[in-house]
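In the two complexes below, chain A is the common chain; its partner is chain B in one and chain C in the other.
Now for the complex of A and B:
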């Protein structure tokens, strides 16, 4: 066979938004939907043809990157409107029956997981020591009294912070970020060794406070990526096979 | 604070993207035609695991 059903994510059953990516549809089962599209298998199979070329840094026109970007675009398009449980890239099912079996086999845990991430977005935070000579933080003019007090609710004074070294600052940043996050996972990057490298699952209404924390440590150069769909917080293994139910 | 942080197509951005899309997400076993896994993008050392069920 030359085509398959590429599966991108599990979501709640709903009517897809009018401007969804072309070819995307939902296969539904008892209130859940699997986001799928018919795809040619050849581009996916071709990814394995020449692993040796993947020693260079990835570029936008690499075949893997092109397919991975499409995967992300599809997941994000649904994520705009509903919580999503992203599937791993390159998950291609045989047919609609397999899709329904996937949803049926994991209906409970998928529903629970979607309820947990509903209203959240993933953010990546990396922190390194700031370059030497970085000027101290300027006073935050223009804040109301309430806003000022909110920023100062941390028990350490700004003066104490400037005396800390970057390592301690990174620990403090992580602690602060986790107060605004429902969940956090470290990201295992082995090339560079940042002081902090983690993904955070943040309620949308906590995002201003979360991002505020990332700007408050002069000892650190902080890089934030996102928002992402909750890729890093899925720990489910799924099966699309026939499973005998008790 | 911007509403969204634009993911720029830099090499750093691509590693962030690929690490999430290829390394994360739910793994599906069983009646799957192709499954791509085990891609270690940290070392940019690509190992593809092709699980083929039926004709590809």
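Now for the complex of A and C:
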């Protein structure tokens, strides 16, 4: 078994755009379509083979990165024209029959979710406190002990105020963004803790207002990523198991 | 401030860790994919990423890294003390010379 059917996304049945990535086709069933391509399985199987590399930061030529980018390119190509439910990377089905059974078994769920994300795009927003200017190096020569302590207290108070202001601004920003978005999910990051790190599902016609909000707060350094297909907004777990042995 | 980009970390996070999950009837072992997600987490946790996200801006700021500030102060004081010791040694030597000649 060296060739499998890599599934990228669920979409509505349609004619694929002429400039779609090479090898992509649509397996359809009752108005739904599964975006697939025949792929060699060897590169996928080899991905987990070298644990030593796992702590290294993947580079663009890393096999995992190449395949993940390809996945994103395919999902995006379809997403340009149709609503999509992106599948998680590495969804490889045995054959076309399995694909059809998948669509048949989950027709209702998939249709509902497609309706939910239709006309929307995902945007990622990260905000942290705007990098403060270096505190002016006040010469401490000639200061009395009391003066020095007073200076130090003032600086610490100012720094605390800056942090509090940034925190408040981040909360306000999130509230404003949520007003323009249909849905929002916080992103979970264990180590780094920006003041705000979330994905928003935004109706296309609300995007200008949404982006205006991200530029309003001087206290914050805001980083916006997107537009993304609604990767963060499809909480679906489909089981193809019961159909495998049917 | 507004910068739009799709960094590698963002792409990997979404492609590997988000989206519809299909279990069963999958040719490539699901376990492999779980391992890949683990690898991704390690990557995101790496210090490099933290730096990229500007998480270290305080490390050079004496008010957020008092220890570093203390070290700087200590180094300053040490240099001043050394200079002072040299100065005193000169004075003592000069005094001894004076004493010896009279």
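Keep this in mind: the second predicted complex is superposed on the first by the 208 of 246 C-alpha atoms of A that agree within 3 Å, B and C clash if a C-alpha of one lies under 4 Å from a C-alpha of the other, contacts with A are read in each partner's own complex, and residues count from 1 in each chain.
Quick note on the criterion: a contact is a pair of C-beta atoms (placed from the backbone, for glycine too) under 8 Å apart; a residue touches a chain by one contact, two chains touch by 3 or more.
These numbers come from a predicted model, not from an experiment.
In the three-chain model built by superposing on chain A, chain B clashes with chain C. In the superposition on chain A, A:208 contacts chain B only, with no contact to chain C. In the superposition on chain A, A:194 makes contact with chain C only, not with chain B. In the overlay built on the shared chain, the residue A:30 is in contact with neither chain B nor chain C. Judged by the touch definition given at the top, the superposed model places A:128 against chain C, while chain B stays out of reach. Residue contacts after overlaying the shared chain place A:221 against chain C, while chain B stays out of touching range. After overlaying the two complexes on the shared chain, residue contacts for A:14 are found with neither chain B nor chain C. In the superposition on the C-alpha atoms of chain A, the part of chain A touched by chain B in one complex and by chain C in the other spans residues 1, 4, 7, 10, 41, 44-45, 47-48, 51, 54-55, 57-58, 60, 64-65, 68-69, 71-72, 85-94, 98, 102, 124, 187, 189-191, 211, 224-226, 228, 231-232, 234, 236-241. Across the interface of their complex, chain B is touched by residues 1, 4, 7, 9-10, 41, 44-45, 47-48, 51, 54-60, 64-65, 68-69, 71-72, 85-94, 98, 101-102, 124, 187-191, 208, 211-212, 224-228, 231-232, 234, 236-241 of chain A.
If you check the complex, the residues on chain A that touch chain C are 1, 4, 7, 10, 41, 44-45, 47-48, 51, 54-55, 57-58, 60, 64-65, 68-69, 71-72, 85-94, 98, 102, 124, 126, 128, 130-132, 134-135, 155-156, 159, 187, 189-192, 194, 211, 214-215, 220-226, 228, 231-232, 234, 236-244.
On the side of chain B, the complex with chain A involves touching residues 1, 4-5, 7, 9, 11, 13-37, 41-48, 50, 53-56. Taken together, the chain C residues at the contact with chain A in this complex read 1-8, 10-28, 31-33, 35-36, 38-39, 41-46, 48-50, 53-55, 57, 60-64.
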